[in-house]
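Read through the structures below before going on.
What follows is a pair of complexes built around chain A, which joins chain B in one and chain C in the other.
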Partner chain A sequence: MQLFIQTVWDGISTGAIIALVAVGLSLVFRISRFINVAHVDFATVAAYVTLLVAGSTAVAFPVAALVGIGAVMALGLLAYLLVYRRLAGERSISLIIASIGVAFFLRYLVTFIWGSNQLAFDLPVLRSIRVAGIRMAPFDIAIIATTLVVFAGLALVLRFGAFGRSLRAVADNPELARVSGVAVDRVVKQMWLIGSAFAAVGGIALAAKTVITPYLGWHLLVPAFAAMILGGIGSVGGTLLGALVIGVVGELAAMYWLPTYRLAATFGVLVLVLMIRPQGLLGKREVAR
Partner chain B sequence: MKLTRRRLLESGAAAGAFAMSSAAGIRLTVAQEAEEIRIGTLCPITRAGSVFGPGIQRGIQFAADDINAAGGLLGGRKIRLFNEDTQSDPDSAVRAAKKLIEINETETLLGTWSSGVTMAIAPIAIEGKVVNMNVSGTTDLRTMDKDEWIWPCGGSNIAYGKMMGEYAIAQGYKNASFLAFNNPSGITLGEEFKKVFVDAGGTCEVVVYNPNQPSYRAELTRALASGPEVIALGSYLPDTTILLKEWYAMGEPVDWVGPIWAVSPALIEAVGADAAEGIVSIGAVPNFDSPAFESFKERYESAMDQPILANPFAAIGYDMMITCALAMEAAGSSKAEEFRRQIRAVSSPPGEKVYTVAEALEAVRAGTEIDYEGVGGNMDFDETGEAKPYFAYWKAEGGTLNLKGPIES
Partner chain C sequence: MTAYLIAIGSIGLIYALLALGLNLQWGQTGLINFGHVAFFAIGAYTSGLLALAGWPLPVTILVAMIVAGLAAWPLGRLTLTLKSDYLAVTAIGFSEVVRSVLENEAWLSGGPSGLPGIPTLFSGLSGLDRSLATFAVLLAVTVAVFLVLQTLTRSPFGRALRSIRDDEMAATALGKNVVSFKTRSLTLGAAIAGLAGAFYAHYLTFISPEQFTPEVTFNVWIAVIIGGSGSNPGVLLGTLILIIFLEGTRFLGDLGLALDGSQLGALRFMIIGAALVLCMIYRPSGILPPASRR
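For the complex of A and B:
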């Protein structure tokens, strides 16, 4: 039982990072209607920028992380203005292909500047603390807490804030929103800033947990995509739930089945859920109006 | 571009001039170099293998210089090297190999690194009747039908797995776990480690994992479940870094041993001195006992500005060139078709042990049966055509990886 709870906890800590990256992917999808493949490379760029700032000056790591997040927010907005906005109205496949182009550009830019050898943040590795016999790494506690706080904040903003109302209006029907006086372009820009910020936080967290390579974020694309689908596209709470399920199922499969079947197990669950609930765990069914 | 009559005349004249000059150039080169022995070096100068490639190429160059200084081969013919870069990439390596064989007319390709590269050029070498010596580790190179064209000299995964197993047994460990990266390299290392370890009376649980995961907790928990005294690794640097960080955070005491490409100074830098403390690395080392080693070490270190231990393949590169040269002298021919049958004879027992180029050449010319002992290894090719280097172990102590001593097999 103890091993089971430990495994679930470990899965939650992985799921938290997946959730941070996946929610940005989901936000972009909700309003721009395409899968921004480059989203996970935004996460990679955040890790490198953070490393650059933390490594070259005496600023503390949190400050460096803030710079990394800011830089990637600017990057996300820039990608929207230079690439995606120009393709607005095209079929979503054109936008996906454009985003693959952006992804490759960013990955090779990072490789060109920093090389392909692994790098790492200069952070101490701390021993776990034991809570009721369960090992909890301080880093995992911090990342789970961060995830919960930012998700709660995002949920509140989306549900009650003016931005949330505008966002939902634009997501539902951009034309109707525009004639109703919503500044659609501004809402879309804000959404790109927020989505990119989530990619950045996820990327920095993943980099702190693992190592930094040009493929850092890329390896998260499939889990993040799966979490978004599983939770229900566009649902913030659903994305969090989906990511946690992906994390926990993967960890349980590795523990009780075979480590090499991690991904197979998570996709098995994904298929099962979608057979029963095609809209995902917390997603709403698309209805024609 | 608009093609005017004037432009046509200009380009025609230029092309003609070029054709004449290059034709003359080729004739001239062939005439001058008829007596030279053309050797191709095919090392990873750029990208992933660039930490080793330039050193290997330099080792081969030193050997060619030594042979030429000793008067050359086959009655005074000098060695001439043609250097190409594999770019650590099979596609580029294949293009470079074809260029060396077809344009430069070399019959010997020395210094390929990485199994993917060597496996890609091997069919070309065999088809083109060219000898290849490499430092690639895949066991496919042992089992393939290579008819003395292909010679792995850097230690296979089986050799590494065996050495890790023998090290663990020598330490008195009875219960081990093995964490294997899910590819042929990791799995072969694990199988061989387990075989050696279990044959000596130990027990070993092999846990195979997939790469590129954000977490390896379940894998670690499974590896720790049987209460091992040591966890051995068949892994690479990034996954080892993550595994070690997570293990240290877990706080479960166990010893670690891994291959030098994963447990390297870069690992210790990445995880920090505390998490790395005591981890053991197993890797190839040069032949410290060879009388020729010291002078090679000095020459290499001053030329490359790095310690000899940073690149054990460089000394093996030197041995590759010498071994081929001795085989040519013994065969009385620089044709790969003929000298490849002498490679094993001049480098492996039985025979009088020889260490320097000069004494080796003299002995071969006198008709003595020799066993060349290199500066990188003993170059004793086994029945599969593989030469195993010498192995030693390092231990992480206070943030540095210290060479502790040899592993005897």
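For the complex of A and C:
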């Protein structure tokens, strides 16, 4: 029982990271209407940039992380301007193929520069605290807290802010939004900045929790996608819930089955959701247009 | 030199089969199968394992096709009623799961150390004769698959696939069972990938999970897209370009570039990634697009 609760806790901290990546994927999907496969490689780039800044300068780690996040926001905007905007009129299948091209390019750019060996941030090891016999690393507590705060903020902004209103307008019907006076292009750019920032935070968190390899983000693709579908596209709360489920199921599979079957378990959840409730837990059924 | 050329030619034909299979799915039907390597792997392991168990090779190759095709069927039923993007990521997940099963279930697949000693075609021959005979069979099979696909493309079935690719709602409105057509296209393309896998296993006589990474899938994708999605001759040209590129870059190291082996490999995939993006933007129909869009 102790082991089970410990595993669930570990799953929640993994799920918090998946949630960060998944919500960015979901936001970009809502506004640009395709699954940006390269989103998870943005996470990888953020980890490497942070490593570069933290390792080669005297700045504190949080500052390096901010540089990493900023760099990836710029990268996301650049990918939108150079690639995705040019394909904006095309069907989503053209965009998703371009995005796998971007993903490949970024992953192997990282491999080219840093090699494929495992690297890690030079972070102090903090003593875990014990709560009712459960080991809780301060880092895990921090990442769960951060995720909760960020998600609460995002939910508030999307529901009540002027930006959220514009965003929903553009997501529902770009043409109608345009004629209603919404600066569609600006909203889309802002969306890419925010979405990429989420990928970056998730990537840096995962890198700090585990190790950095060129495949860091790639391994998040299926869990993040599964979380997005499970929660329901467009539902911020649903994405968080979906990611926590995915995280916990993955850790339980790793503990009680085989560590390498974490992905298989995640994939199993995805298959179940697609079979039973493809619109997700909190999503609404979409009508083809 | 002859041995080298035959080796390149054989691998090229195996890639050509993979590309022809993907072209049916993507080029003709518009299915984003990003997990093509899974069916290649399933074909290779099925035929390899059965041959090691003593089955005759023509039977194992046939069974490999069937098993690879059957493996695609549930994936199609699962995702093809949903948004077209869903297949893409689900197929990536499927191919990664297949690879991790091959790595972990050592009792079946030999695990990470792979499956050595797979029987070859023409075990009576040796050396150059054997590779030449194998190459001839592969060539014949590829030509046969090409001709079948050309016929299929011109048949009512092919027309239905293209109508679905171009306008799914119109095809539905005309009474086509879109999901059934898509599933059949996916299954048939996967069976061709399984055929490629079977030949790969018997040609190399050794297979291991690390030969079946997502990179294989995207090599095939770039061959299809550069050559001309939807055009079988275009796809063969695309495969030729891919093989020349992959083999040509192997010798880049000799040009005195200060790159080590892994950097060279990385550069190769950076180019493939960039080429995918550039193709989608500037030449989505490839070098040899289908003669007519109808």
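The working rule: the second predicted complex is superposed on the first by the 257 of 289 C-alpha atoms of A that agree within 3 Å, B and C clash if a C-alpha of one lies under 4 Å from a C-alpha of the other, contacts with A are read in each partner's own complex, and residues count from 1 in each chain.
To be clear about the criterion, a residue touches a chain if its C-beta (ideal position, glycine included) is under 8 Å from a C-beta of that chain, and two chains touch if they have at least 3 such contacts.
These figures come from a predicted structure and were not determined experimentally.
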I'd like to know which partner A:Leu263 touches here: chain B for first, chain C for second, both or neither. both
Partner chain in contact with A:Ser26 - chain B first, chain C second, else both or neither: neither
After lining up the shared chain so the two structures overlap, which partner does A:Ser92 touch, if you call chain B first and chain C second: first, second, both or neither? second
Figure out whether A:Thr44 sits in contact with chain B (first) or chain C (second), or with both, or with neither. neither
Check whether A:Gln6 is in contact with chain B, with chain C, with both or with neither, and answer first, second, both or neither. first
Where does A:Thr210 make contact in the superposed view: on chain B (first), on chain C (second), on both, or on neither? first
Return first, second, both or neither, reflecting whether A:Ser235 touches chain B, chain C, both chains, or no partner chain. neither
Can you list the residues of chain A that touch chain B in one structure and chain C in the other? 116, 258, 260, 263
Contact footprint of chain C on chain A as seen in their complex: 34-35, 37, 83, 86-87, 90, 92-98, 100-109, 111-112, 115-116, 221-222, 225-226, 229, 258, 260-261, 263-264, 266-267, 270-271, 274-275, 278, 288
Chain A partner, complex, touching residues on chain B are 47-48, 182, 207-210, 212-215, 217-219, 221-222, 237-238, 241-242, 245-246, 248-251, 266, 269-272, 274-275
Within their complex, state which residues of chain A touch chain B. 3, 6-7, 10, 13-14, 17-18, 116-118, 120, 124-128, 135, 137, 139, 206, 209-211, 213, 215, 219-220, 223, 251-252, 254-255, 258-260, 262-263
Chain C residues touching chain A - in the complex, by the definition given at the top: 30, 32, 34, 78-79, 82-86, 88-90, 92-94, 96-97, 100-101, 103-104, 169, 218, 221, 225, 262-263, 265-270, 272-277, 280-281, 284
